[in-house]
Each structure stands twice: as structure tokens, then as C-alpha cells.
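I have a structure here, written as C-alpha cells, and I will follow up with some questions on it.
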Amino acid sequence: MDDSFTNTNGVSIIFKMIKDIQDNKQYLSDIDGQIGDGDHGINMNKGFTLCEEKLKEAPVNLSEGLKILSNILMMKIGGSMGPLYGLFFKAMAKESEGKEVINADVFQTMLVAIPVELSKVSKATPGDKTLMDCLIPAVAAYQEAIATGESFKSALMKMKNAAVAGRDSTKDMISKVGRSSRLGERSIGVIDAGSASCCIIFCAIADAIFELLN
Amino acid sequence: MLEGFAASMSSLIDTTENPRVLKLKDAPIKNKVGVVTGGGSGHKPAFIGYIGKNLCDAVAVGEIFSSPPAQMFYDAFKAADAGSGVACLYGNYAGDNMNVAMAIEMAKDDGIVVKTVVANDDVPSAPKDRRENRRGVAGEVLMWKVGGARAAMGGSLDEVINAAQKAIDNTRSVGIGLSPCTIPEVGHPNFQIEAGKMEVGIGHHGEPGMEVADLEPARKMAQRMIDIIIPDLPFVEKDDVVVLISGLGSTPPSELFIFFNDVKRILDEKKISVFKSYIGNYFTSLEMCGITLTMMKVDDELKKCIAYPCESWGLTQF
Amino acid sequence: MLEGFAASMSSLIDTTENPRVLKLKDAPIKNKVGVVTGGGSGHKPAFIGYIGKNLCDAVAVGEIFSSPPAQMFYDAFKAADAGSGVACLYGNYAGDNMNVAMAIEMAKDDGIVVKTVVANDDVPSAPKDRRENRRGVAGEVLMWKVGGARAAMGGSLDEVINAAQKAIDNTRSVGIGLSPCTIPEVGHPNFQIEAGKMEVGIGHHGEPGMEVADLEPARKMAQRMIDIIIPDLPFVEKDDVVVLISGLGSTPPSELFIFFNDVKRILDEKKISVFKSYIGNYFTSLEMCGITLTMMKVDDELKKCIAYPCESWGLTQF
Amino acid sequence: MDDSFTNTNGVSIIFKMIKDIQDNKQYLSDIDGQIGDGDHGINMNKGFTLCEEKLKEAPVNLSEGLKILSNILMMKIGGSMGPLYGLFFKAMAKESEGKEVINADVFQTMLVAIPVELSKVSKATPGDKTLMDCLIPAVAAYQEAIATGESFKSALMKMKNAAVAGRDSTKDMISKVGRSSRLGERSIGVIDAGSASCCIIFCAIADAIFELLN
């Protein structure tokens, strides 16, 4: 039982994400406020909290939980974050659907599907100072670890580290996409809010899986 | 805010089950194509000011400068559809494109047919060969006017869509910003314009323009703005045009009329004739100081649509 | 400015021989009493925005915040008079009173009969027992609406004057200022309002109010303003009222609707029913930030006049 | 010829006033700008210059000139200054009309008529920081000098001095009337623009009469 968990138990990943986003509401808004419009924490918290309420209605497994989260983000949260994170979790839901057990390989397909789905609506690439700067290296680090034969846990640890490094890399970037792009050079010096929330999400996922694997 | 708006316009406007979707009291109107728009708020009278007779039937109202979620667009479609289909006439912004697309998928399941026209009248926001990337700005008002009128005249969904598309295809806009605006939640201006400077080609959320220039008198500003939009369509001798000049929020109305006078003089010289002009605050950006110039070339169909009466908070004409 | 305004409204408005007097294109209208107003500029849409069908026939436009000279009022009388007399409906300011009085003397020599109604709706500008000293503010818009409609219905000069007088006698206003305004020629604000404070009862040129209070939410502001005007008329249970809420220039329209919502709630509690509401920038003070609340108690005649259609830049209704 | 002048020659008073107002256009606007709206010089210059043009059309005597000046101010200059100075000169015109010779007594009736006429439209009294603070003491000083048997010239000198003192007295006053009244205490420290123009007018009148009496 050391290298997989059940879809049923996997729902704990959802609750961990909800908690960590809620705990970081103010932090996310504060960094968005420095070069954006200061509502990123509000937007994310709103979506994840609506999901929390929905989950109280009936027990779900990981795939169902991801689908609910995706739908709420897409339907209830405006701007571009609703659709972007909505598709993020839609990809994960789709690839895990029907899988009773989630192992390192299944999780890899879930991860890899995210950038594919997002590319349908966002043209942002790493270097643009968006959540892509966290997402792309995090997924790549996990893939590389698995490819070189590392364990599920070890690959998750690599993913987490890459997410943090990716988030931090946005600090020195000039924003090229979204609201902060109009600041040009003045956008340097602050972490991108979307990369910060993306990092919180990857860390939450990794931490929740660690618990499940122990 | 929306509650107060609906209450003050209670003879014309109704709330819906979705507190962020308002509709024309009479909507859905039998045998009429529903006209829907939506977008982030902070652009008064857009968007709610154009819910009205022979204009928009329902509007989805996002947070300030932030696209409404798909659900809202979907609820607006439902509020507007009488079975003849819905024309969703909105502006070209990443969030709106995504959210409208998702809402259309949702509506499909209900058998509601939705077609779209995406306004992209803002010339400075992309070069002509990437016109599909251009943003929608004050030209949206003319798109709604035309689409709303065409629907009121009994046009089919395709006829309404074609008229609105023709309207926006023949419309070009450019904005100049003189002072920035502040999103209340943030509390500081979301961009800067140096004193004595102006941002030529500024977007409706303060998106940077093509050039920062020294402030200049209305006469020169008019010339500069006309030089940007005229060659782009191009507008030529003997064209009939609708001119829409909008303040961006805190521009004194008197300056709009001074500016119009200069525009009119230049158009007269070019033998371009003004079929109708709209001068006022039609599409603003919170309390930004600045001006947008929009011109639409009109043929007989567009003239008929523009001349058609309408009634709303933002635009009423006999 | 006036030239650009007339050009942009050329189907409705005409210039006259006096460059500071504009008139309705059709004026003077045979068998109709001419309706004239005038005053200093800086109050857009007042005064020129109310030249229109079933509103004012001619307007005298002074310099910023400065009464037009007698000659201008006189020229406006001439532009409006079709032989049925002229109703000059203006606001109670020293300069206007003197200049209108002199213009009437001049008009007498031409056989033009002019009668006046002097708006004095601004409650805080003088106590009730010196009501004749009160200034005219946004209530003037309702006075023009009523007088203009009564004239359009074919009323005699006395009938028009009586209706306009009844309108203003049943109208009460109060303003609150949040930030000052600057006359461009002077270049610095002509009064100060401390940050976090508001001037209760401010006049339309920044005249000091009755009290400087701490800034408060719309709900409390609404209560405070209603408490000033309701007992003054007084407005009582079962009254029908017209509510006009005007921004003073740079107030975001959304705040006007939030404010209206609070006003409406309080009036509902008092069982005072809102016959019609006008929310927007109807009478401003350059770029001042603030709000005026105006209420008019209406009987059947006033209701008919308010409901009457009209068309102008500042106010168009079916 | 030491104690009177003819109505015909008296027209030089008008020209002297026109010149002095024109010369002080900027000064009057500047002081109005400190506590008012900065247009007093513009307003006054406009009226007096229109009068100058009108006077070129045909020769007039003092009474006719005063009447033209009065009419132009009342008809063409807006605000309250047009009517106020319009009535000011209307009073002087009326009292001098038909008098071929203007002596100290006739001039006294001309002066005394001014405040009477103005009181019909203005409720301002000395102490309100308006032109009344120059007008009232100037007229009173002239009357007193004549009552105590002083010469026309000497009375004019007293009038002039009182006008200057009256103007200067407005410096320490709190404005109670007109635009500057909204400044309350902050209106202290600046001379009132209307009292300054009124002083210029009294000085011009006195100086022109001195010339006529020599």
C-alpha cells in the first residue's frame, strides 16, 4: 500500500487544497494587490469555499470531488481564473475517472493533462509571469523523476520543490500576460499571484498524498 | 447597486433569480431574438445601462473589470431566450471569451441556440493583420444599438448576428487617457500617467496604448485620433458615419463637445458626413479622465438600426 | 463648446445671433408659451442639456458659475417668444435675479410678456421662515420638466407659470459634498473638504453647508438627507413623490444607485410612494464629488407633466 | 472756474476711469484669484473697454457717457458686478443729467445716489468685505468735508483718502458676501477685489476732476 491510494480515500486531497487556499486568502490578495487588482485571494477562496459547502451534501471520491471543484470554478468564478483553474481540475478529474486506485502512473497522466487543457484557452508560456511558471516545471519535474525510476513519493517531492522554485522564479520576471502586464518593468520584484496559488495547490496535493501513502 | 438600479428603473428593468443578472421587464419577448451582453463592471452606463427597449434583453454583470462567470452568461441567456435564439454581443477579452464559450455549452443542453458577435473595434490594441486580437471598447454601444434594433424589427437570429457583425466590422475606435483610475478594492491607481502627458490608445481598463505623448489641445488630439482610425477601415470621401464620443469617467462633458467640434471640422474637410453623433459618457473606465472616439460607417441597414427608437438608462432616443 | 454642442445636436438645437444663447431648432413655436432658463455654466447637463422638445426653448449661458448678463436673457426671451409670452424659470441667485429683472425691462419695450418662477428648493441654504432666500439647485430640472410639459400641452403663460411654481413649491433638495471643484481659470479648488469629512448642505458652487460631518455610509447619508427635506415640506404618508438623485460631477453612477436603494427603503417605511425616479448626472458642479437628493410631491397635474415625453441631451423620455 | 466744471468737459472722467481699469486688469484678477474666482479684472476690463469702443462712435458729455457705461455694464457683463456697477453709474448719470455745470453740490447728489441705488439690489453693508467697504466711507467723507465747509477739491481729496483706507480695511475682514464668503476665516489677509476696483474708480474720478478744476 506504499505506492498507491484509492480514489475514495483520495478525496482528502480536495479538503487539503480547500484548507490551504482558505488559509492563504489574505496572502494571495496582498501579492495580487501589489501588481494586480488585489482580488486573487478573494476569487480563489470564494471558489474553494463554495466547493467545500457542496461537498457537505454527499460523500464523493477524488474524481467526483475534482469535478465538483472544476464546475464551481468554471461556473461561479469570473475573470480568467475561473475558467483556467476550472479546466485545471477538469483535466485531473477526467484522467482519474474510473480508476479505483491512483498510483504514480495514473497521477502522471492526471498531471500531464493539465497544461494540455489549459493551452486550449491560455497562450501564456513559462516566462510570462503567470501560474504557468509554477505549473510547467512542477509537472516536468514529476515526469522526469518517474522516468528516471524514482518512487511516487520522491517524484511528488521533486514536483513540490519545482513548484516552489517556479513560483519564486516569477519574482524577477516582467509580466507579459494579464492585468500586471501593463506595469512593464515595474512588475519586477513581486511574486505572481497565480503562481503562488498554483504552488499552494501543488504543495497541498503532494502533502495530502504523503499522508495517504503512509 | 444592481438592486438600486433595478428599483429606480422598475418600469423597464427586472431582477432575475441570479442577483448579478438583470433583464428587461418584458423579456423574454415572444418571437424576438434575445440580445445579451455582459462583462466586468466599472464601465457605466455599460453594461446595465443598455438593457432596454430595442436594446439588450439581459446582461451579466461581473465584478469590477472582471468577466462574469459562465453561469451568469448562461442565466442571462435563459432570461433573454423566447425560443428564437440569443445573440450574445460582447467584447473581445480573454475571460469573456472563455466564460461565454462555457455558457454556450451549458445553454446547448437546454436547447437554447446562442450565436455571438465579438467586438474588436479598438484599433491600437493590435495591428490590422491581427484584428481578431483587438479588444472591444465603446464601439460595443453601436453594436448593441444595431443588434437590438435589428432584433426589435423582427430579424431572425442570423439577421441580428449579421447586422451586429456588420456594425462592428465597420466600427473603429481609439482612446486617449489623461489620468488613471483606481479599483476601489485595491486603493491605488492601477497604472500611472505622468502630469502633462497622455496615453494614446489606452484600453478600457488602462491597458497601455501605442504611445505616451505630450498633452495637446483638443484640435490636435482630434486630428491624431482620426489619423489612427480613418486609414484602418478605411473611411473615405462620401462615407456616412456615426460618431460616438465618450468620456472615460471624469472628463467634463463640455470638453467632449469641444472635441466633437474639432472632429466634425476634420470630417467635413474629408467630405465624410456625420449621419448621427452620440456625445456623452457612454462607456467609461471608473473615474479615468480621457476620451474615446468611435466611428462607424453606415449603409442603409445600419442607418435604419441606428435611427430606430430605443429606451434605456444609458441611451434613449425617439 | 456651445458650437460643438449645437453641431452634435443639430437635429434638435440651433445657435442664435447671440453666440451664448442656444435655442430649440423649432423655437419659437407658434401658439406655445416659450420656456427660457439660464445661468452660469459648469453645471452640465444644466442648462443647455435641457433645451429640447417639451422642455426649454432657449437658454442663456453665462461664464462658469457666473450669471449671464441681462442682454443674454433678453436674447433668449426673443428666441423663445412666439407671441404667447415667455416663462423664465431660473434659480435664486443674486446675479440671476438682477440680470433677469433687467432683461424683463428690456423685453417689455418689445412687447414681450415675461413671467418668472424662481427655484428655491435648496433646504439648507436658509431656514424655512426665510424660504425666499433659498437657492435653486437640482429641483430646477423638475421645474423645467413640468413647465416645459405644461407649455407643450398648450397651457397659457399663467398656466405654465402656475404649474412650474407649484412644482418648485412642492420640491425640496439637499446636497452633500465629498470633494471640492476647481474653476479652470483659477486653477485651485475654490473651497476645501477635509479627507474623511463631508459638507452637508453644500451649494451648487461649493457654498458652505449647515455642517461638516464625518464621512458615513450611503445608508446613513440617505437617512440624514431625508431627515432634512421630509419635515420641511413636509412630505407625509401616502404622498406620491418624484425622486431625483444627481451626482455633482465625479460621483460614480453606481454610488447613485446604491444611494437610491437606501432612499427607497426609507420612503417605503414612511409609506411615501415613488411615482418616478431620475438617477444620474442631472445638475453638476464641475468635477465636484457629491450627491444631491431632490423630492417633489406630485398631484395629478404634476404627474401628468412629469410623465409627458421629452427629448434633450440631458433628459429624454418616452 | 475753480469750483466747477462743465458736463461737456466732464467726459474726461469717463476716459480716466476706462484707462485706470484697463491698466489694473491683471491686478484686479490677481487679488480676486486669491479668495474669489480670479475674473474681476477680466469682467471690469471687458465692460469698460466695450464702453471705450462705444464712445468712439459719437462725442458725448459726462452724463451721456455715464449712461452708456451703465448700460453696457448692465447688459453685457454678467454675474453681480454688471448690475452693481451698472446701477452705480446709472445713479451718477441720473443726478447729473440736465446739469450744464457740475459743482461740489451737484457732485454730492451724484455720489449720495450711488448707495441708495445699490441698496435696491445688494444687501451688503460695510464690514462684509465688498465694494461697499470702499463706497460707503468715500461718500461719507466727501459729505462730511462739504458739510464742514471745505472746498470741492479738498472734499475730493478726503473722498479719495477714505476710498483707499476703505479698500485697505477689507484686508483684515472676514468675507460675508459673494464667492469669497465660503472661505470664512481663510478670507482674511487679502484685499477684496470689488473694493479695489471701487477705489480705482473713486481715485480716477477725483484725479480727473482735479485736472478739470485747474
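Every chain is named by a letter (A, B, C and D) in the order it is written, and numbering of its residues begins at 1.
The working rule: a contact is a pair of C-beta atoms (placed from the backbone, for glycine too) under 8 Å apart; a residue touches a chain by one contact, two chains touch by 3 or more.
Computed from a predicted structure; not experimentally measured.
Centroids of chain A and chain C (each the mean of its C-alpha atoms) stand 57 Å apart.
In terms of their C-alpha centroids, the spacing between chain C and chain D amounts to 35 Å. Inter-chain spacing, taken between the CA centroids of chain B and chain C, is 30 Å.
Looking at chain C, one finds that none of its residues touch two or more other chains. Contact of a single residue of chain D with at least two other chains is seen at no position.
If touching chains are joined by edges, the resulting network of the protein chains shown is an open path.
Each chain pair that touches appears in this list: A-B, B-C, C-D. On chain A, the positions that touch chain B within their shared complex are 33, 37-39, 42, 74-80, 82-84, 86, 121-122, 179, 182-184. Residues of chain C touching chain B in their complex: 1-5, 7-8, 41, 44-45, 249-250, 252-262, 264, 277, 279-281, 286-287, 309, 311, 313, 316-318.
Put simply, chain C touches chain D in their complex at residues 40, 62-72, 74, 94-95, 97-99, 102, 106, 183, 185-187, 190-191, 205-208.
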